[in-house]
Amino acid sequence: MIVQSTAKKKGLVGIKDPIENLRHYQASLITVSFRQIDISKKPASFRTARAAGRIKLKRSTVDRIRKGLAEKGDPMSLAKISGIMAAKRTSELLPLCHPLKIESTTIETSLSPSGIEVTATVSATEKTGLEMEALTAATVALLNVWDVVKAYEKDSRGQYPTTRIQDVRVVRKVK
Amino acid sequence: MIVQSTAKKKGLVGIKDPIENLRHYQASLITVSFRQIDISKKPASFRTARAAGRIKLKRSTVDRIRKGLAEKGDPMSLAKISGIMAAKRTSELLPLCHPLKIESTTIETSLSPSGIEVTATVSATEKTGLEMEALTAATVALLNVWDVVKAYEKDSRGQYPTTRIQDVRVVRKVK
Amino acid sequence: MIVQSTAKKKGLVGIKDPIENLRHYQASLITVSFRQIDISKKPASFRTARAAGRIKLKRSTVDRIRKGLAEKGDPMSLAKISGIMAAKRTSELLPLCHPLKIESTTIETSLSPSGIEVTATVSATEKTGLEMEALTAATVALLNVWDVVKAYEKDSRGQYPTTRIQDVRVVRKVK
Amino acid sequence: MIVQSTAKKKGLVGIKDPIENLRHYQASLITVSFRQIDISKKPASFRTARAAGRIKLKRSTVDRIRKGLAEKGDPMSLAKISGIMAAKRTSELLPLCHPLKIESTTIETSLSPSGIEVTATVSATEKTGLEMEALTAATVALLNVWDVVKAYEKDSRGQYPTTRIQDVRVVRKVK
Amino acid sequence: MIVQSTAKKKGLVGIKDPIENLRHYQASLITVSFRQIDISKKPASFRTARAAGRIKLKRSTVDRIRKGLAEKGDPMSLAKISGIMAAKRTSELLPLCHPLKIESTTIETSLSPSGIEVTATVSATEKTGLEMEALTAATVALLNVWDVVKAYEKDSRGQYPTTRIQDVRVVRKVK
Amino acid sequence: MIVQSTAKKKGLVGIKDPIENLRHYQASLITVSFRQIDISKKPASFRTARAAGRIKLKRSTVDRIRKGLAEKGDPMSLAKISGIMAAKRTSELLPLCHPLKIESTTIETSLSPSGIEVTATVSATEKTGLEMEALTAATVALLNVWDVVKAYEKDSRGQYPTTRIQDVRVVRKVK
């Protein structure tokens, strides 16, 4: 107990174990052994992955979008471009991902009374799956929707009581 | 009806209106007027924003994380670094965001039996709010958790029946 | 008429059509369906593309370059490096471009009394053409020439009466 | 003469001077002293710059754009987003540019029978001018127009007889 | 002992402690608490930092550089540009660094019989020091020297018996 | 002599030769002909490269690391992630490098009383060697170690009397 709170106070990683003679193990304890999977021996094959997610918006914001009244621009158009771009940056955002040469990214959007659903489909002939690329594309597209309707989602105190990104998931992965 | 499906078939944007004499409006119709908010006249002030989200994981994956058995590395450590880095890239991922000089990003993670919750807090003295930076940090951190436990979340057909990113939200924004 | 100016005032995209019963089409109207061409089924082949362009400069600036008196550095050397680097960033600058693995970029420059001509040649074995890479390389090289001689091109009011980038074109594309 | 051609053959930089006893100067000869202007002592002030340029297109392509028939998406919408994004990347593309915090980028496009004109206006409170940012925004926006109408501009041999980026210029710079 | 080797075999981070009743501490044990220093409350002041390093090269490579015979280009010119660019990317390469607006980067190079010394000086008015920017600039400049003379440094088996980057250090830091 | 110092004063590149009638050669003199090696005709093969380097640290800093008391986070964990990420960015940092699709990067770290040794191993099936990628990974990993222990390495005047990056080298390259 005392140990834990001291650790917290000093910004330590892990515990400093109470048992003195374990102390010499600590150096290895605190190093996390991040590793990339080695894909060099795998064969390249055509792969595709589809991910989706949605953003919950206020009904009045949805109406505004439907009427083309989002001042910063149409969220669904922006979702498409930004999602396509984000797919290409996946290996920069995810340290352990391999750089892939994406051959097709499609972003579909659909507007419902409660928000916008985004689906991203990514394809390439590669040695590893594309689900992280599809998830990144969908997620960044949803963040862009948020950015573009920020002004309409904020309440009088500048907070976002309604806005949520939900259900970001892999719809289907095909190897 | 016919109009819609033709449009879809040709990959068109917008409708080709059935009323001939509206045709000359079409050029302006199809251009979306994306714009950045002009913040040049606003005063800079200290601002902070906190965003959070969670990733739903299989119970067995959570156990594995708890035991330090995630082969690619500890997801929570990776979430911290990747979230801090992502905050700095917000204006690259979100076309209409302004580049900000973030002065502090903190990523907190918490492991529960159903997954990992990530909270990102971003601060800076700037002319515009930091909620998109906090949301980007939290979201990319969650995507990194996914990436690092991919192997344990996939079922025998390579699909992800359980994994979901949920409830990405702004916890609090202070100007 | 009134519709148009209101739209403009509110920063709208497209018209709000005067015919009320078309209003339900508007949501689809305002979304631009950006798409990447799917190249996944195309065979890879050796491709090369050459693009060129020129920057018009003041005679006195050209003399200065010729004498090695450009204080920020020689514009043609900078054009070479920056053009090679820009070719590699094409898919970041052009959202709908695919990431390619460029195998050779050559930037040639030639100084004439009226300015500098830049030619960029890019090659790779890929599924899609390299003309956008060559154009991006040539254009960014020219922008770097401008940057490096800015001080000599400005008039007393800080304007650029002479400087122009002209004739950016694809010289030849070979598949 | 002989000197020049030998130099060329060996891919040398500079001449190998014919006068033997100048040889010890050569090391300094071939190093280009690139330098960034030191702006640290300059006061920050509100600055804005506007740049423009145009892309010449086939009449049939312009008609297609006007009708919303560009399959990859509307070029003018894409020009807006990509131009805003490019302004933010200026200091990555131009090695000697300083990183600036752009506070507003506006991209305007106008379609004429002979092509598209793009105007980029960039503002910030900074220690150095924004003309390179405006020029970069306009130029990359024009490259994106090209990318999105590529299919319609190519002739039967895959060449671009009409397409040209022209008159990229600083319209006005205000400090 | 057994514990350690098992851990290693499974690619674990840290030990699985032999004492069963410590097992519930393990989750916190393996998470590294990366954090950015919060600089938001610090005053901005003019700061400068100088870093240096050198690359040891074969005498024959130095001769070649001196004669302008490095086929890929002059290493010292390339060192200057690439160092200036690298300084601007420091906060992308170093996750815990804050983004800074560098106002001046100067790269100096000096050729000696045993290699090239690179010195990088970086200045800005910021809330935190610039030594990491200067170190990054110097180091990347040295890597570029290596890249450009690779062909001359390799022995017959493709190895680099001589080439070394040495003594990368902070020469002086001034706040 | 006079020539040299004048050149220096004016920030010139190269000499202004004392022999008047060589003056017309100067334009070509001052342009450095940077070039990328053309790898398009080479066959792709499996390649791997290992590079290493070390950072000299104060004994007290090493003790602190061993005890898990580095406040910004464990340097060896950070070295791993940042090194993996840096390998992927090599072609952005080194202008003349080709973009490669790295298939595996492994960063190993080892703590000794005098500092940390970092080894980076990079593999891919490519047309050119990976030594620059391995060197970049090792070097950036070492810079991250420095960043994370900065506070402990500085003396009372804010200088770094001990810290040095040393012996960055290619351990082995295999084609």
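Miscellaneous remarks
The first chain written gets the first letter, and so on, giving A, B, C, D, E and F; residue counts start at 1 in each chain.
Keep in mind that, in the parts below, a contact is a pair of C-beta atoms (placed from the backbone, for glycine too) under 8 Å apart; a residue touches a chain by one contact, two chains touch by 3 or more.
These numbers come from a predicted model, not from an experiment.
One of B-F, A-C or E-F repeats the interface of C-F: more than half of the contact pairs, counted by residue number, are shared by A-C.
Between B-F and B-E, more contacting C-beta pairs join the chains of B-E.
With centres taken as mean Cα positions, chain D sits 5 Å from chain C. Mean C-alpha position of chain A lies 30 Å from that of chain F. For chain F, the set of residues touching two or more other chains reads 11-14, 29-37, 71, 73-74, 77-78, 80-81, 85, 89, 92, 95-96, 101. Listing the residues of chain C that touch chain D in their complex gives 32-37, 53, 71-74, 77-78, 81-82, 85-86, 89, 92-97, 129, 131-132, 135-136, 139-140, 143-144, 146-148, 150, 158-160, 163-170, 172-173, 175.
Within the complex formed with chain D, the chain A residues making contact are 73, 77-78, 80-81.
Of all the residues in chain D, the ones that touch chain B in their complex are 46, 65-69, 71, 73-74, 76-77, 80-81, 84-85, 88-89, 101-107, 109, 111, 123-125. Residues 10-14, 16, 23, 26-27, 29-40, 91-92, 95-96, 98-101, 127 of chain F are the ones that touch chain C when the two sit in their complex.
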